[in-house]
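A, B, C and D are the chain letters, set down in written order, and residue numbers restart from 1 in every chain.
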Amino acid sequence: MADTIRDSAPARYDDLRAVFINCTLKKSPAMSHTQGLMDRSIAIMEQVGLSVESMRATDYVLPPGVQPDMTEHGYDRDDWPAMHKKIMDAQILVLGSPIWLGEKSSVCTLVIERLYGNSGELNGHGQSSYYGRVGGCIITGNEDGIKHCAMNILYSLGHLGYTIPPQADAGWIGEAGPGPSYMDPEAHAQDNDFTNRNTTIMTWNLIHLARMFKDSGGVPAFGNQRDKWQAGERFGFENPEYR
Amino acid sequence: MADTIRDSAPARYDDLRAVFINCTLKKSPAMSHTQGLMDRSIAIMEQVGLSVESMRATDYVLPPGVQPDMTEHGYDRDDWPAMHKKIMDAQILVLGSPIWLGEKSSVCTLVIERLYGNSGELNGHGQSSYYGRVGGCIITGNEDGIKHCAMNILYSLGHLGYTIPPQADAGWIGEAGPGPSYMDPEAHAQDNDFTNRNTTIMTWNLIHLARMFKDSGGVPAFGNQRDKWQAGERFGFENPEYR
Amino acid sequence: MADTIRDSAPARYDDLRAVFINCTLKKSPAMSHTQGLMDRSIAIMEQVGLSVESMRATDYVLPPGVQPDMTEHGYDRDDWPAMHKKIMDAQILVLGSPIWLGEKSSVCTLVIERLYGNSGELNGHGQSSYYGRVGGCIITGNEDGIKHCAMNILYSLGHLGYTIPPQADAGWIGEAGPGPSYMDPEAHAQDNDFTNRNTTIMTWNLIHLARMFKDSGGVPAFGNQRDKWQAGERFGFENPEYR
Amino acid sequence: MADTIRDSAPARYDDLRAVFINCTLKKSPAMSHTQGLMDRSIAIMEQVGLSVESMRATDYVLPPGVQPDMTEHGYDRDDWPAMHKKIMDAQILVLGSPIWLGEKSSVCTLVIERLYGNSGELNGHGQSSYYGRVGGCIITGNEDGIKHCAMNILYSLGHLGYTIPPQADAGWIGEAGPGPSYMDPEAHAQDNDFTNRNTTIMTWNLIHLARMFKDSGGVPAFGNQRDKWQAGERFGFENPEYR
């Protein structure tokens, strides 16, 4: 089967890397429903040759803060610099989050804050260092909030420099009210055709755009170079004579 | 100047089209602050050769609804089909919105609902018909809400099939509290370096990704074809043997 | 049954009025799922003696804008002043909205903009004129977004001067993906115990706080009087000597 | 001055308690801009006799999770039970948060998750245990997001059982783009009349409704009792004969 998919896919992807960060509140080895859905996306990527690293944020020491390394700001340990390196070695980043009170998890917010802590860094072209990468997200809950969580996560990734492919989120929730979660057999969530389709579409669109950027050298460097703007270049931007 | 920018830009863009829809609550010819900022982005695009059509939604008859043509659902007139055609003829769509009570305008929500009304349509590859296009937004207010509005607009565009380039939003707001708006001279908003830089970056990233998609034929058609999924193809998606 | 409830309720409510505004995109007489759930709340209120007026916004002419009467701003007709009068005659306001792309309807956003258009008005105490009233919302969709829509609607009402009782929203959505809506028999949505309970709790909390405010004369007038603040009174607010 | 305010206020408040939780990412003793604005509200409350406890969440050990005591779920220490007791001893809760990427802090999200962890608890009337309390929030950032953060925080508090008084949020942000924060002298934020007025109004409305609930015994217990609903009582809710 894997061979079939590899053969029918429009390109090879063995040189691409993806990082999935599960922002569940639970530490390993507790079962994570969100991981269950993330694993569906990961399985597609691995089948077609991508290298995927899947991390659970709560298994690491990640102090709150918006500095690249919080050991320089009073904390004894900070696993973020190593995690960030893996993120920068990958072309794809997928954040997974559960929903609590309709909102993404505090752990997910913390990971976004830590990503933001490196947002002052530029690549060799003067673009935000996250440029040329693509981002997506996977959300699970038992009753409400996929889109609310996804719109914030994807916006944050885009703000940092990630490109957001079409339909770059997938998720599962049940009917309004308490009920089983994604991995609970009685939810039959894994049979949800809509969730499965969206997971597949998200996964492939992440792969396709990562392929495009890897082949083309990323987002063309013109107009989006923060260092050149800082130095006075305006790339065609002009204020009208309004004064 | 325009020649300089055209010459220094990394590609030619004469074959690209952009549509800007201003979702101000005000009808023409009333001055729109949002249009003021939109015009800065439009000016860059026109300088480098793109064809830009700028429309103000309130100047058209757009009944509420989520059907492609509301004249088939009890309304006498619906300008949406013609507006939609222009949107589909363009590679770039930028929605502009003012902020009221921290939220995008009702007119902007209506335009998104109308875009959604065509979301059942597929292109020749079986992808959502909006695929291969890029979207951005421009937000102005006097005190708060750029990111709140932008995250929703960009998410909606992404959900429909648009690709969202990095940093695809720009906006201006003043300090907390009542105060002047973007075009009011006392706001000095047109001198805001952050707004001007973000407007330029957004504009160029829209242009760059539109160029890439036009050259490459859009998002590769594999894994994201709704008709093939419907027909049973799974593109590598597999459920675990959990039953 | 109605007598039983009236007898067991802790107070009489015959002097209270409620306005429900259905912000469906559909004009009457088209069936509205949102109305279906609104009617459950209305039925409780009517059973215990409140006067309830239920309006469908799309049945009225409500131009976009943030002025109290848009006929003074270029529109031929504006039903808002009459609608606003009914809202001000009531102690309770409930907005109902469907969900499209995870967001409240454009019609709901428009109604909020129109409410905002009167926000400059003060009551006899110098408080925002909406003070002493309570607000809630009812949301229906087929798959996601109750909380996202509710948090914005309730926040807007609170910003205008409404008090938000505990758990002042109710809604129904089905499992992720396309599916039946609230009134479709196959949804069995009307049997959803969580939705029914929340609808009941919302309704009673609106009634209880409306009763409290009617009896007490509203929110005490001290510290929240915009006219007195404007005139220089500070109600204990002091800036530290930081200069 | 304090005597004047106490004398002119419409009631006495010496028996009321308020808890303010600062959700800055920074540990003490680092300066917190959010604390700066929180202190303005606290000062009013203390002037009129309320007992106020102000805590900075990062100074405590608060593991992620949605259980009342995470030491029963694999964590060595959890300061939440003690913090929660203080919250329950108070009639007023105010959450303070900075803004990062337009969003409330991860610490704020964590505090809300921990509040949610106790949401299964009922008071003596069978209502959610948070009933009869009032909530507000204070937000500071340097450029955007007060309303986005506030609407989520206030909604979460309301969902848990808090009543949200009118205009129960206050905040300060500067003009779009990087710039000084609330406590930076060059921001002149402490002179912002809008922020000062809103802080005062929020503070007084929290006090007024706390006074009302303390005097009246909370939200009347009818229709909102989860135990009685569970036991089959319906408080006037009836399904139509649709089957």
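Going forward, a contact is a pair of C-beta atoms (placed from the backbone, for glycine too) under 8 Å apart; a residue touches a chain by one contact, two chains touch by 3 or more.
Note that the structure is a prediction, hence the values are computed from the model and not measured.
Student: Over half of interface residue numbers shared between chain B and chain C means same, under half means different, so which is it?
Tutor: same
Student: State the chain with the largest centre-to-centre distance from chain B, centres being mean CA positions.
Tutor: Farthest by centroid: D.
Student: Take the average of all CA coordinates in chain A, do the same for chain C, and state the distance between these two points in whole angstrom.
Tutor: It comes to 37 Å between the two C-alpha centres.
Student: Using mean C-alpha positions as chain centres, tell me how far chain A is from chain D in Å, no decimals.
Tutor: Those two chain centres are 31 Å apart.
Student: Among all residues of chain A, which ones touch two or more of the remaining chains?
Tutor: Each of 101-102, 147, 151-152, 155, 159 in chain A touches at least two other chains.
Student: What residues on chain A touch chain B, complex-wise?
Tutor: 1-2, 5, 8-11, 39-40, 43-44, 47-48, 128, 130-131, 147, 150-152, 154-155, 158-169, 185, 190-191, 196-197, 199-201, 203-205, 207-209, 211-212, 216, 219-224, 226, 229, 234-240, 242-243
Student: Please give the residue numbers of chain A that touch chain D in the complex, ascending.
Tutor: 25-27, 58, 64-66, 74, 100-107, 109-110, 112-113, 116, 152, 155-156, 159
Student: Taking the touch rule as given, give the residues of chain D at its contact with chain B in the complex, in rising order.
Tutor: Answer in residue numbers: 101-102, 143-148, 151, 171-178, 192-195.
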